[in-house]
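Sharing a structure, written as structure tokens. Questions coming.
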Amino acid sequence: MDIAAILDDIGAAMARAPDRGRVASYIPELAGVDPGRFGMAVALPDGRMFSTGDAAAAFSIQSISKVFTLALALGRMGDQFWTRVGREPSGQAFNSILQLEHEGGIPRNPFINAGAIATTDAALAGHAPREFLGELLRFIRTAAGDESIHINEKVAASEQATGDLNRSLAYFMAAHGNMVNPVEQTLGAYFHQCAVEMSCIQLAKAALFLTGTEGAPRLVSPARRRRINAMMMLCGHYDASGDFAYRVGLPGKSGVGGGIMVVAPAKAGIAVWSPGLNAQGNSKLGTDAVEMFARATGWSVFD
Amino acid sequence: MDIAAILDDIGAAMARAPDRGRVASYIPELAGVDPGRFGMAVALPDGRMFSTGDAAAAFSIQSISKVFTLALALGRMGDQFWTRVGREPSGQAFNSILQLEHEGGIPRNPFINAGAIATTDAALAGHAPREFLGELLRFIRTAAGDESIHINEKVAASEQATGDLNRSLAYFMAAHGNMVNPVEQTLGAYFHQCAVEMSCIQLAKAALFLTGTEGAPRLVSPARRRRINAMMMLCGHYDASGDFAYRVGLPGKSGVGGGIMVVAPAKAGIAVWSPGLNAQGNSKLGTDAVEMFARATGWSVFD
Amino acid sequence: MDIAAILDDIGAAMARAPDRGRVASYIPELAGVDPGRFGMAVALPDGRMFSTGDAAAAFSIQSISKVFTLALALGRMGDQFWTRVGREPSGQAFNSILQLEHEGGIPRNPFINAGAIATTDAALAGHAPREFLGELLRFIRTAAGDESIHINEKVAASEQATGDLNRSLAYFMAAHGNMVNPVEQTLGAYFHQCAVEMSCIQLAKAALFLTGTEGAPRLVSPARRRRINAMMMLCGHYDASGDFAYRVGLPGKSGVGGGIMVVAPAKAGIAVWSPGLNAQGNSKLGTDAVEMFARATGWSVFD
Amino acid sequence: MDIAAILDDIGAAMARAPDRGRVASYIPELAGVDPGRFGMAVALPDGRMFSTGDAAAAFSIQSISKVFTLALALGRMGDQFWTRVGREPSGQAFNSILQLEHEGGIPRNPFINAGAIATTDAALAGHAPREFLGELLRFIRTAAGDESIHINEKVAASEQATGDLNRSLAYFMAAHGNMVNPVEQTLGAYFHQCAVEMSCIQLAKAALFLTGTEGAPRLVSPARRRRINAMMMLCGHYDASGDFAYRVGLPGKSGVGGGIMVVAPAKAGIAVWSPGLNAQGNSKLGTDAVEMFARATGWSVFD
């Protein structure tokens, strides 16, 4: 299989795409990103890396960070974690508060906003935000094999400044006894975690720990790995997770910065980036590109 | 891998299970089933069949039939089908009407009740219920390689007699222009489809067409096969689909009769039956048994 | 107080109104009504009648009929009636099914569609639809002192033909055990009840039994009268009941045909008709006219 | 009419009541109140005051304060106020966040928690919380003709300490641009406003400005007075407003401290206090007592 050629084709097709979606506009650091950018990378377990376009450009990983925090929180709490957060798709927008009210302050899954805040709160427990963020960066840097990965403080500050909806979600959970740390402390950690910057190349490599392949860093147990993949498959694209499963057939997690991290179990780590989003808040061209890739390679967990 | 031994262990463990869930009670034909029964079967593509317990006993497949009808409806309409039915998890109970109202009469996916009724309506189009049911039986019999599979008319009549909630869902969709056939006609077909009876052995074999293996009947295209598997993974267990994906990691579809059909892509068709249900309406021991099986075999799409 | 002059002013103002709302279009009998029509009538307990515009023209009273059916159902069941129907505003559209699901098939109040169907079902109990409709007509004719009031069979037939949403509501309640009669029988009665035709003059006079004045027909007890008024004040204009209470300050009940029946306790029965509706499904000019009238007379229950 | 005798009867009946409801327990200052207490007072416009039981005992007026703040906010903004807050019953619990999400951060009415916070925010505009609270106290003291009315700082501090759900509501509105002042500033004012303490005697007198009678302090215009009464009638008892209208037939506003302020237009100001609450969060015996009173006097706006 000629992955390089497949990526070239995808890069060319995406360069021609007339509708590139809409770049997130709630903070200036995202709003200012050029919608014309596109990058994709595929990391094989044997160390080979294929890429196209802006694959080396750093972008804000945003919600993709939730995968790493989930791994940390599960490491901290084990299956007890699921008393605080559910593991079902929400059938609602990523920032909806409805089900929190119907379900007593227990968020539906770790990837919608409320669930991710609760996950950060769980991962924090007993540590200062600074310590947690250090641990998170260590985890990501180990996964990606790259010590240069860092948090963009300006993005974190902007998240903090525009975070009233997340604040509402967090106080709602606090009111239901589902916050262990002071709300502003957890939110501070959460806003920083979303501001991690990575390139497609770094992200594709970081995804390898979820492929179960030899040579990939062994950051979680096999059972946990499968389960994180399951969560990504079921809930990784908010209320378009079904669509992604249908079109792509691989577990993935998107971020509002336009990135998507995809896991091809036993095969490869994949990352794509294009800042324009579709109606559900996932990268428009990113989704299209991964669909093309899955079709060209025939890779699908459903095969 | 000694599948026979694994099944024996599972059968023994299930025989000892203290809490067997609650048998569905809305119709006498289901209410009267002995909660002590348990069967499981695994069909390999090479023709070998393994089983334990009541694997040869016929039971009402109920919602498992929705997988076969989805295949028929997709065959009839192709991707146009998705203008009538969504493909996202609902985040609601299987019989909820809430999202129908919020989303203009378009059900969330083909496996919740409203979506299944719309799917039957789509599969019916242009045919009498009798013809559709004939086609459905031919499909199932071909998949299972067993001409004896039939519909239990008494069950169908009971479904019809207690079907007011489904009637409500169907008229709601009709009010929004999302029913092609007269409501009672579609419902008649739907109630009969739910009343198909199969054994675990038949159902395990019938699941093979979704495994993409040589020798399995080629009833749908590879792309469609993957997509049906994706729908089962995302929505096959109603509002416990995330839990099933997390615990089992294989696409499956449950029915209120206590059956679950599971697909291990490239490996096997699996079926389990135990009539007692858990809180989400899925077979309690059935889920436990499939989880044990997945753990013992290491089979998971996320690996 | 010169009621005749007030009505003249209102009639003149309404004739000049640039935005007359949108006429209901779901059945041809309503869709075909001239949006330019406007009538209003005020019936005093001493027998005097004041009117303006098309006050003698008959129109479809539609949901206004729910007030009369509520009186009949309360007569039949007394306070037991409230085990089947709530008495709180719904905070939802008149035809919403959401709260039925959240609240076990008990509609919120007798004036939203679901509640009105349950009310008709309660009023029916033990009688054929024909008998119920006879009784209803007798009630209305006695209240209005006019034997000519009748049901428009063509409207009833159209309601029946387009009534799938009401059918959905009714079957939903049936599924929860909140229908006593066969669904189609209750719906048949309901569709006919909505098709009663009255003029503003007849309706203003019919409202007198709720004013508690001497000379008005004594059709319900004083306590029941106050309570029916309370229901009209709280729920009489669907999800614009608060707005009506705020602007008008008198109990009233609207219908999709463009009529509103208003009760000025101790003072007068009032009716207005203008077929164009506002966004909440209430007569646009009708509401404006009653607001003008309340302001000019100073009549308000809150004074 | 012998109001003194009626109150005596009510006091005696309430002393015998076996089920006194449940005292609010979310802050110690409310949780510690003796459920056996009961007081009621009726203030006539001519200056006469009737009372029974603990009518002179001060209690926390809590949400009753929302009536006074609404008067202030309307004074500040006029009808512009209604661009920020709706005037429809919510059909939900007093502290629900659901409709905020469905309706873009605009609370349904000024008396549910979210709406009351927005109302305080509107009343605050351009002033420090201290100034607003001074103005509120002046308003209440003028209405009650009693300069001793004050805020219980300990209660305010407890509200602040347990106010995460209100914080969630406020941040949700802030995220939708429906907060003018910093959230914590508005909440500080809100928590203090809820901590005003009054006795039934003070509260009955304070209600007179809404009766439209001679001699009552003229704090709002007649039109505004009617409208505030309308809001109390429609929304004054949260999701039991319909029940209160049905049983009592007079506008009223309840508070979680067990007080209810009731307006008998043109007749009297009424206040009742009993700390035990019913399922909807309104004083159980308070509601019963006012119902008895309305029945005995025949007072009802629907007559």
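Order of writing sets the labels: A, B, C and D. Residues in every chain begin at 1.
Please note the rule applied: a residue touches a chain if its C-beta (ideal position, glycine included) is under 8 Å from a C-beta of that chain, and two chains touch if they have at least 3 such contacts.
Fair warning: this is a prediction, and the values are worked out from it, not measured in the lab.
Engineer: According to the touch definition, list the chains common to the neighbour sets of chain A and chain B.
Structural biologist: Expected: no chain.
Engineer: Rounded to the nearest whole Å, what is the centre-to-centre distance of chain B and chain C, using the mean of the C-alpha atoms as each centre?
Structural biologist: Inter-chain centre distance comes to 47 Å.
Engineer: Return the distance between the CA-based centres of chain C and chain D, expressed in whole Å.
Structural biologist: 32
Engineer: Using mean CA coordinates as chain centres, what's the chain B-chain D distance in Å?
Structural biologist: 54
Engineer: Name the residues of chain B that each touch 2 or more other chains.
Structural biologist: Touching at least two other chains: none.
Engineer: Chain contact graph: line, ring, star, complete or other?
Structural biologist: Here the contact pattern is a ring, one closed loop where every chain has two partners.
Engineer: Help me check something: in the complex, which residues belonging to chain A touch chain D?
Structural biologist: 96-98, 100-101, 164-165, 167-172, 174-175, 183
Engineer: Give the list of chain B residues in touch with chain A in this complex.
Structural biologist: Against chain A, chain B makes touches at 86-92, 99, 108-109, 212, 222, 225-227, 229-231, 233-235, 239-243, 245-246, 249, 251, 265-266, 300-303.
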